[in-house]
Structure formats: structure tokens, C-alpha cells
Amino acid sequence: MPEGSLPKEKTVVTRPYVQVEGIARRYGPTTVFENVWFGVNRGEFVCLVGHSGCGKTTILNILAGLDAPSEGVVLADGREIAGPSLQHAVIFQGHALVPWMTAEQNVAFALGSKHRDWPRHRLAEAARAALAKVGLEGAAGRKPSELSGGMKQRVGIARAFAITPKMMLMDEPFSALDALTRGALQEEVSRLVTEAGQTAFMITHDVDEAILLSDRILLMTNGPRARVAEVVVNTLPKPRVRATLHHQPGYHALRDHIMDFLITRSRTLAGAPPDGYDPRRPPEVII
Amino acid sequence: MPEGSLPKEKTVVTRPYVQVEGIARRYGPTTVFENVWFGVNRGEFVCLVGHSGCGKTTILNILAGLDAPSEGVVLADGREIAGPSLQHAVIFQGHALVPWMTAEQNVAFALGSKHRDWPRHRLAEAARAALAKVGLEGAAGRKPSELSGGMKQRVGIARAFAITPKMMLMDEPFSALDALTRGALQEEVSRLVTEAGQTAFMITHDVDEAILLSDRILLMTNGPRARVAEVVVNTLPKPRVRATLHHQPGYHALRDHIMDFLITRSRTLAGAPPDGYDPRRPPEVII
Amino acid sequence: MQREVSAWRAALLSLVILALFLGGWELALQGAGQGGGPALDPEYAALLGQAAATGGQTPMPKPSEIGRRLFQLLSDPFYIRGPNDQGIGIQIAWSLGRVLLGFGIAALVAIPLGFVIGMSPLLNAALNPFIQVLRPVSPLAWMPLALFTIQDSSISAVFVIFICSIWPMLLNTAFGVSAVRREWLNVARTLEAGTWRTAFRVILPAAAPTILTGMRISIGIAWLVIVAAEMLVGGTGIGYWVWNQWNNLSIADICIAILMIGLVGLALDRLLGLAARAVAWNE
Amino acid sequence: MQREVSAWRAALLSLVILALFLGGWELALQGAGQGGGPALDPEYAALLGQAAATGGQTPMPKPSEIGRRLFQLLSDPFYIRGPNDQGIGIQIAWSLGRVLLGFGIAALVAIPLGFVIGMSPLLNAALNPFIQVLRPVSPLAWMPLALFTIQDSSISAVFVIFICSIWPMLLNTAFGVSAVRREWLNVARTLEAGTWRTAFRVILPAAAPTILTGMRISIGIAWLVIVAAEMLVGGTGIGYWVWNQWNNLSIADICIAILMIGLVGLALDRLLGLAARAVAWNE
Amino acid sequence: REAMAQPATPEKRDLRIGFIAITCATPIIMADPMGFYRKHGLNVEVIRTAGWAVIRDRAIAREFDAAHMLAPMPLAMSLGVGVASPQPWAVAAIENVNGQAITLANKHRDKRNPANWRGMRFAVPFDFSIHNYLLRAYVAEAGLDPDRDIQIRSVPPPEMVANLRAENIDGFLGPDPFNQRAVFDGVGFIHLLTKTLWDGHPCCAFAVPASMPREMPGTFAALMRAIVEATAYSNAPANRREVAAAIAGPNYLNQPQTVIEQVLTGTFADGLGQVQRVPDRVGFQPFPYHSMAIWILTQMRRWGQLTREVDYAAVANQVFLALDAGRAMRELGLEVPADTMRRERILGRDFDPAQPDAYLASFAIRR
């Protein structure tokens, strides 16, 4: 394990690492979402699930400091997020590798931004080490165009982990990949996050993916004026393995609950919150 | 129901409508797939499931007459497929609407290709009728760029059904859509195919989709030298409804079987066919 | 980075830049040309230009002088006083006529030819070397050949515009046609649409934006070439007018000609831009 | 449609087309020159020497004659016999030198300026009108102004090349910089890469293909302009050579000049094409 | 050679005549505003043209029925020199004599001796021009080889001043008004008038296709009368100011009127601070002496433009239509020279048109 990530406490402390406090996003007269409150604890893996257009990407961008909420604040480690930071790495949906650099150079660019004083050869070494961690020793010298979709996304993952951030933000990182590759990468990410004891926040459309990876799953209603309708606590024991996940007891119940939400309740709940709904503390559901 | 599709027999006759007889596809030294044999009966809905690169699109293109096999033949209605035909409509993955025509014009273009003698207003009427069938009465005058992804794909479906083909060929028609839209369109297609008593052949990556729509599911091993490993008969009673599908008895068993195939057996079976495997008659599995 | 910019702020900044530029020019020339040379014989001085009479050289005109001259020219742009003396409006009209004729013929040739070339990869590869060699040839190199072979100077001028402006249209049409999305061709094939139906209803509209881009480049080149062509052919046109004003060393008129050529060129470009927008499709 | 074409077949077709064209030209002129022009006074004809004895139309040179002349010119391209008589190789070298100088300066100005403009939507909008108006102005309109203001002819020639070739680079650089994928900028931002690091390691390489496209267009225009510039400035260069050959009406030499200009233009274009490929990235 | 008897009416009335905007063209131009063409039943459009090569090409293409040319051009064209094949054109009348000058840039005020001109760049209007031959002869007399020791370029006359100003050339032997214009704009000074090199030298010509006298004798005769009359009118010192006013405007020369006046009246600023009074700075004499043609031919031989032997006198007789010009002059009551041959004094040497070969052989510097 790299030194940087050793002294992380694994226990959930009282104060969450990230606190989202009543943020809203408006474009002119339309409100994409409002009154969104949630927290992400240290070392926790949270997934955000919801239909297209409900504002998931916007929320993630706000957490990453790439965007700012129209209302409300987001605290990270107790301080307001004012802009992008090396502490919060983002894995983008479209891998976002710069195509004129090799895999190694892409990672080294990230490392060089963090460690400005490192000489070139040290950056290259560290980059190769990061690539080795995702099984890409052999592809270090190849350009993104010479890599398959899965390999590209792996480089993106290596780049994000190389700078040992405190939190990983992932926006549908695997949605462009085929089922087989997707499975492999899910396991990769799960392993790396666990190893480094990192906090993780991921957007996904894939219910199986959310169940495989998350500790908690935030379910959002449809937009406009989307909300966090409920928080599903994933009690399936860890470590989870994709090949046997659907044989695990509780899996089908959990999946059916989320499917039901996506198919019907995300729509019906959109207009009218149920009685007793408190946006500051969306109902936690344990199945 | 349009006159053209009325006199279709609904019973499965002895001779399948489409017979795929030992086709193979080679690019230079690499063989994508070989020795592929299967049939699609009249009025049957067949799904083809397999990992990326195993040659699914190639097979569909061969059925559509857009491509030719390196070996073997494909018979439709007893005659060899020599080229594209109005009898076999294709719904493409990327909707493939021409963006400079309105929805109505896109459909009218297809109708005009079939009915060369129809006057313009008759084409327009028929196109609007076809759009109405997929719930797009209001969007007839809009260009594809003004339609959402789901609406675009709906126009593509309307275009394909408007020319009342004998067989529908669909290449991952919904994979670019979000879960909600996808569900609505699956039901649309299912309804239209059933109404017109059409034969349908669909490629998909989504196991739930295959279960919802198909009568039989062809499972392909991974490429290269991919084969049809087995044919799963979907015995879940029709009509099936997406919202309740996962509550139907037998659903989980069927899904788990296919998931197991995709996660492990598609790979392990790729190199070595099991004993007694006859490519001309891949094992039929009923769960 | 903020991408939205208020049009007002941009226009204001444009005006400020323009004012600074013209003001600086005006100031820089304040007092120029008064170079206090040796006192001259008054009779001698009377025979010289204003600047030379004081020992200097004719200076650059000030923007205010150019403005006055511009007003004068534009206040009667369409007079005709003999074959060699016509208003600036008429000159521009002549040039426009020539450009549109040469460009029009080039379009009539380039678009069908480009279509055929674009449909055939073999033809494309075979003709490409010729196109590539002929494309960079300057109008002034074509002109003598044209005058010699065509033996008619006004047809020569049109020919030179034709030959210089045909290449971008040809290349773009061929490229646009050859790059039509495979998907759409497949749609046409599965619909058993015939060759003509496919060509006119699918390939042509699909390639139209690329073709229009080529036409836009071409009209730019045609307009760039007109001055060269008219200078040699003479008689009429803004190019000839530039030449003429140069003979007379009227720098103010040359500046005005540059402005006019720029504005008309801009207008032509915008016009084709509008046409391009009309055939554009986005997904 | 089959997209793969064997290079051999294409080259063969190219050669066949070329052979047909040249053969047709040669044949069409076979026996020309013996044509019965207006009957000449025999006494008069006798004075004109044997070539003239038949009189009539001025014949176009045959390709074979052009070929012979080409061979003659190319067999000693670098001779210098006095200031007015230098080999064609030297003339091309002069032209190339001018073009590269003007183009080089234009690139040095346009690329940093375009970078700044591309980064600022406001500046972009404010400067755009000026660029658009100046862009279509012909070299032959700039030349008089340059000669007048700069008062140095060789600098004037370079200036005209500069001013004509700067616009595509400027516009393309600004466009390329402003169109850098938001994604990559976001990557740089989340990595807290500084302004310079972002500019040089992300924006510049991302915009490089667009910039190179602009440079390619620019060098094409620069080469198009050189003939005009050298005709007016004179002395050396392929443009002056064309002018001289025109004054002597050596059609064969003008054809050769057209070919040479085309070939050198093609070479320049290919060179920048190679550079473009070197900085190209694909995903 | 005797032309045929003249019918009264022109066969073709609508004519196009090309000209270059220089004072040499005065008779061709002023015949239009002052009505000489109309008077002789012709409807002439005079078309300003950009340069001599364009004049030549448009003349060959018969876009012009007649044209203003440099006197050597019809000779060269008829002999097939500087054209792809011989083009029989003829000099129907000389336009002007004298009227050219050598203008130098102001910085060369101290280089009045041509022997010091080594390395300088000069412009002449065209390769086949009296200007070229005079400049070459002048520097050769000073011991310089015009091909090796100086550079001579063809520059269209209108571009000469701009090029002089931009120091692209050090001087030019060019037609007026550009010599005077250089002075007017403070760019250069008049080193000498060509009158001092060869008094009465021909400069520009009124050229017609060689076939015109045969094919359109009526038109040709009317045209000759108009031109000869205009030439005579222009030549009268009393008319010079009126002529200057008529041709200075934008439709013709497009120059400040004072510049044209200085050229035509011969009272001019020389750029060196002096007002010079040379009333015969330019003259307008229509008669095409054959001796002029022969001298031009010797110079074409001398500088290697004409590489074969020709019968000078016969060519001169064919191309310089002295008899036709003489007839027109006689009809208008002008004095016609008795002989088409005239002994000339050129650059201090005697030129006997009967002995061209001996004259040619007397030069040390030649090709």
C-alpha cells in the first residue's frame, strides 16, 4: 500500500467526510433539483441512481468543484468546496484521457501536477507502478487510440488513484463498456478503493453495479425538481463477487426494490413527496 | 391493422422462415465465427446474446443482405438472401434517421421506396399514421435533432414497421437509451411485432430485455471462432410486462442461467465445445 | 471559461479598438509631410505636390482624409463618365458579376464532377494528383495562358476565376460524398431505394454542408483572384479601380478599395454562410 | 461501395488520363501552324523567316516541345548569368525564401495571438469583424499600400505574404483553442494544473491539429500570393520569371511555370500535411 | 509601297483602341474628347490597359482594332520575336518623339555620371521598347554592360513611381507623366531628358494589323486622318494646355493636371530645385521614318533579341507605313518629308540607315 494512504481511519466517524447541505441547481426558471441533503462517510462507497436528466452529473460536478450549486453548500472535511482539488479525483464517463499522450504520460501528467518537484524519471516510474496496479504493465507506452475501451478506462482509473486522493468521484465510469469488461473493472475499482480505504461516490444506471459496489445507494426521483427519495442501505456481506452475486441471499429482494423504484416510484414520487418526508434526512431503507 | 399484414399465418410451420446454414465469417486469417446454424420460425421472436466482438452485428447484417457470409448460406422463405430487401426491415442501433428530414419525411421516404406510385399526400398520411402507432402524432414535423433519444428510436421503429416487412431485424436497438425509455420502447416493439404477427430477430446485451421479448434466446460463445453454444427457450407466459417481470415465477432462474453463461460459460465454452455438441443442432435448454 | 459574451460588450470593444487604431493613425500623421526643407523658389514649388514643395514625400493620408474621400465616392457611386471613369458602385457590380459568373460555372462543373469522384474511390485516387498540382497555381500564372489560348480578355478573366475557385468545391464535394455515413447508405439499401433516389435524397443532403463549406472557400478565393484578373484585363471592376488609383498614387483610394473589397468579401462569405446554415443538419 | 483501392490501379489510371490528355493536345496541334491564316503578301512573308512563312494563328506549343524545354531548364537549374538571367531553380528558391519568411512571421504572430483570442470569448467577438473584413482582401490590393508605406520592396513582398496568410492561422488557432474538449480542461482543473501547464500540455496539443490545418491553408494562400507579389516587385522569383516569360510570350515557359508552381505548392502542402500528421491524435 | 485608292466611307465605324495611360498616347486619347474620331466618321472607344503585354495579347486576340504600342513592338511581333509566332502588325503612325526621361531616386543626386551606376536597378516599360534600347546604349557608352553591370527590369509605367519610392529600383527610363510624377511626389529627380540622347527619337506608335490597309481601306484612311490630325493638333505649342486639361481626367490619364501640363509645356520642375524650360520636351510627329525602324532593328540585333539576319530596309518598309502616313499628312496640308530615310545623330554617333551593319559593328559592348 502506498505510504500516502496508510494513516486513514477505517471506522466511520460521527461527522461525514462530505456533507451536502440543501443544494439546488436552477437554469433560469427550471429547477433541475433542489433541497438535496446527504452525507458520505469516510471510507464509505455511495452510489447515486436515478433516471436521465435528474441532475446526477451536476451533483457530482459540484462535489468535484467543477460546478457550483445555485443554492446550498457542500462541505468536504468540514470546509466548503471552492474549486477542484487534488484531494478529489474524478473518473469521467468518457475516460477523458488526452489522446496525444501515452498511457504512462497521462498518468505521469497527473502525478506531475501533484508532485511538482519530482524529476521526470521518478514520475515515469510512479506512473508505471500505477498502471501495473490495474494490470497494464505492458500497455504503458501505448496511446489511448491503441487501447480498447476497457483498457482506456483502466488508465483513467490508474490516473485517478495515482494521486492518492481522499475521495473518488465516478460518473458512470463503465457505462460505455460491454458486460464482460465492465465486470472486470468493477472488481478492480472495488479492490483499489478498499485497499486505499478511500471514500467513493459513484453514479450509475446499472442496478447490479450499484449492488456490487456500494455501502449505500441514493435513489433520486425524476427531474425537474428532483430529490433524494430514499437511501437504500446495502447489507449484502463484503467482499462481493460479481459471478456469484446473484446467488447471494437478499440480492433478488434488494434488486427488485431498486427496480421497482426505477420503473414506477421514481416517477410517482417525483411530484409528491410522501407524508413525513424530510429532505434533510431522506428515509433509510434496509432490506 | 394494415391490409398488407393480414393474411399471415400464426402457426409455426415445419420449415423455418429463416434458415442459417453453416455460415462463417473470416477476415484474412481470423475467423470471427464459423459453423453457425439456426433457424427463425415464422412469427417467432429470437434474441441473440453474446459478448462484444463475437460477430452478432455481422450475423444480423448477413440476414439483412447488407453483408455476405464467407461460407454457408442463409435462406429466407426458402430462397437464398442475395441483397437487402423491403421484406426485411432493420432497426439500427443508432436510429439511423437522416437528420435533414422531419420524422414524417423519414417515414415517408421509406414508404415512398416501397410504394413508388403513391402521391405525396398519401405518403404523408401513411407516415403520420405509422408515427401515431408509436405515439408520436405530435412530433411528425420535428427534425431528429429536436427529438429525444427515445423519440428518435421510436421514429426508427415506425419507419421499419411502416413498410410492413415480413421480418424485423434489430441490432441493440435500445442500448443507447436510459432505463425508463428503454422499458417503454421494449413494450412498444413487443406490441407491434405481435399485432403484425411478424418474425423478429434482435441482438441485445441486456438479459432482462431478452427475457421480456423473446421466444428463444441464442447464446453465442466469445469470439474468435464463436459458435451458437445453446438455445434457451423462454417459457415465461406471454404477454409479459416489464414492471412485473421480475416477480414472475421462473424469471430468476432463467436470468441466472443466462447470467452464468455470460459471466463464465461463454468464455469456457469458447475453446472447447462439450461432447456431443452438434453445431447444426445446438442444444435447446428449457428452464 | 465563460463562453457567453454579451454582443454589446463585444461591439463596444470592437469600436474602442477601431477608434484607438484610427486615432493613433491620425495623430501619427499630424504634421507629417511638412518636413521643413530648404526654402524653395516659389515658381518651382508651385510645380510640385504639396509635400514635395516643402521638401518631403507625399505622406500617408490621414483617416479623416480617407473618410472624406469615402463619403465623396459613396455619395455618387453609380456615375458613368466614359469607359474608363465609372463610379465605385459600378466597379463593384462588374467585379461581382465576373466573380459570380466564374464561380457559378465552377460550381456547375465541380459539384457533379465531385459527386462522381466521391462515389468512386478509384477515380478519386486517380484524379487527386492532378487536382493537387493545379490547385496551388496562382491566378496570375493562369492569366497569360488564358489570354493566349482563349483570345478574349473578358472570358479569360472569368476563366481564371473559374480555374482558381473550382478546386475547393471539387475536393469538398468528393470528400463529402465519400464520407456519407455508412448507416444512411445502409438504410437506403434496405429500403431498396434506387441509385437516383439514394443520390438525391440521401447522399446529396448528407454531403450538402461539406459542399457548402467548399463553396464558401471557393468564393473567398474567387474574390481574392478578381483583383488580379481585373488588373490585367482592365477596363472595369474594383480590381481595375485599385490599379488605376495606384497609377495615380492615391493611397486614400487604395485604402478605400481595401475596405470595399473586404466588406464585399465578407458579405459574400456571410451569404454562403446563410446558405450553409439552410442546408445544415445537426443530430 | 468498396473503399479500398489498390494504389497501383489508381496510379495506372492517373497515367492513362495524363497520357490521353497530353496525347490529345499533341495530336490537336499536329499540323497546326501550317494552318491557312490570312494569306500574306509573299514578299512580306519572305521577310519573316521560314517559321512565319505560313502566318496565321499563334500556335500553342506541343507537349513535346514543352517537355524539351522543361528538360533544358531542369538540366541546369542553378546557373547565374548576370542579375537578369538565373536558373529556374534559383528563382524557385527565391520565391520559397520569401514565402517561408512571410509565412513564418505570420505564424509567429498568429499562433500566440490566436491563442489569446481563443481563450477569451470577448476578444474573439470583438476582433472578429476586423479579421473578417481584412481576410478577403487581395494581395494585389495590399501591395500598393505596402510599397507606399513600408518604402522597401523586399519587405513589402514579405509583408503582403504575411498579411494574406495570417488569417487562416489566426482563425483556426482561435477556433482550435476555444474548442478544446471541456472534458480535458476539467481533467486539468481537477489536477490543479497551473495556467501554463494547462496551456502547453493540454490546450496546445489539443488544438494542434486545428492549428496545423490553418497553417496548411495559410501556406497555400502564401504560395498563391507569391506570384502576384513578385510580379509587382520583380527582380527574382518564380513570379517574376512568369512575368518575364509573359512579356516574351513564351507559352511553353508559362506552362512550365504553372507546373512548377503547382508542384512546389503541392510539396509545401504535403510537408505541412506530414507535420499535421505528426501532431494529430485520434481517439 | 502604295496603298490602294481610298473609298469615301469607313467599312467599320465602331472601333476599340487600347492605350496605356501615358502622355505618349496623347494623340490617341485626345482625339476622343476633342472629337477627331467623330469628325472622320468613326465611333471609337479608347480603352485603358494595364501593361504592354496585355496590349499585345489583346491586340493579337483582335480585341483591339488598333492599339497604342511601343514603336519596336510591331517590328518584334512581325518578326516573331517575343511572340510564339509572327504577328503581322504595322506602325501606321508614330505618336510622339522625345518625351521620355531618365529619373533617378533622390538619394542618387550625386551619381550623375552613368559610369557610377554599377549595380543599380533600372526599370524600363518593356523589353521591346525604345526606352530599353536607349538606356542600354546610354550605359554602354559609359562603359557598363547593361546585362551584367546593372539590372534592367520591365515594369509597367504606372508602377514605376511606386517602385522608385519603395527603393525597389534606383531609377527608370520611362515615359511621362511618371518622370514628372516622381518629381511632383518628391521621390526622384529628372536626370536627363531622352531628347538629349537622340533628339527626335520615336517612342510610341499607333499600330494596326498589317492587313488593315488592305481589308478595311476606308476605316484605315479615316483612322489615319483622325490620328494625324490629332497628332498635329497636339504638337502645336499653343494647344498644349488645352490638351493637358482634356486628358488629365480619370477617364484618360488619371493624373494631376499640373503634372501633365509640365510635361506638355516643357516648363517643369526637375526635382533638383530648378525650373527648366524645354518647350520641345515632347513632340508629336506622325511620320514613321524607316530609318527609325532600322535603328531599332540594329538594337534588337545588338542585344540578342533578334538572332537571325534580316533585311533591315525591307522589314522597315513593310512595318513602318510611311507612305500611308505621308498621304494622310498631305491631305491635311502638313509637310511630308521627302525621304523615309534620315541620318540620325544618336548618343554622339552618326547613324547612317544605309549602313546598319557598319554601325552595329562599331559597338564594343554587344551580344
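Lettered A, B, C, D and E in written order, each chain numbered from 1.
By our rule, a residue touches a chain if its C-beta (ideal position, glycine included) is under 8 Å from a C-beta of that chain, and two chains touch if they have at least 3 such contacts.
Please read these numbers as outputs of a predicted model, since none were measured by experiment.
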item: Given chain B and chain E, the chains that contact each of them; value: C
item: Between chain A and chain C, the fewest steps along chains that touch one another; value: 2
item: Same or different residue numbers at the chain A/chain B copy interface, by half rule; value: same
item: Maximum centroid distance from chain B, chain identifier (CA atoms); value: E
item: Distance between chain centroids, defined by C-alpha means - chain D, chain E (Å); value: 37
item: Distance between chain centroids, defined by C-alpha means - chain B, chain D (Å); value: 54
item: Separation of mean Cα positions, chain E and chain A [Å, integer]; value: 89
item: Chain B, residues touching no fewer than two other chains; value: none
item: Residues of chain E whose C-beta touches two or more other chains; value: 53, 57, 60, 84, 159, 162, 165
item: Numbers and ranges of chain D residues touching at least 2 other chains; value: 58, 60, 144, 148, 246, 249, 251
item: Chain-chain contacts as defined at top; value: A-B, A-D, B-C, C-D, C-E, D-E
item: Chain A residues touching chain B - in the complex, by the definition given at the top; value: 51-52, 178-181, 183, 205, 222, 242-243, 246-247, 252, 255-256, 259-260, 262-264, 266-267
item: Touching residues on chain C, where the partner in the complex is chain B; value: 183-184, 186-193, 197, 201-202, 205-206, 208, 279, 281-283
item: Chain C contact footprint on chain E (complex, rising order); value: 21, 45-51, 53-54, 57-58, 60-63, 84, 158-159, 161-162, 165, 181, 183-187, 249-252, 254-256, 258, 262, 267-269, 273-275
item: Contacting residues of chain A [partner chain D, same complex]; value: 64-66, 83-86, 88-90, 92, 94, 96, 98-101, 109-110, 113-114, 143-145, 163
item: For the chain D and chain E complex, residues of the former touching the latter; value: 33, 38, 40, 43-44, 47-49, 51-52, 55-61, 82-85, 144, 147-148, 150-154, 156, 232-235, 243-244, 246-251
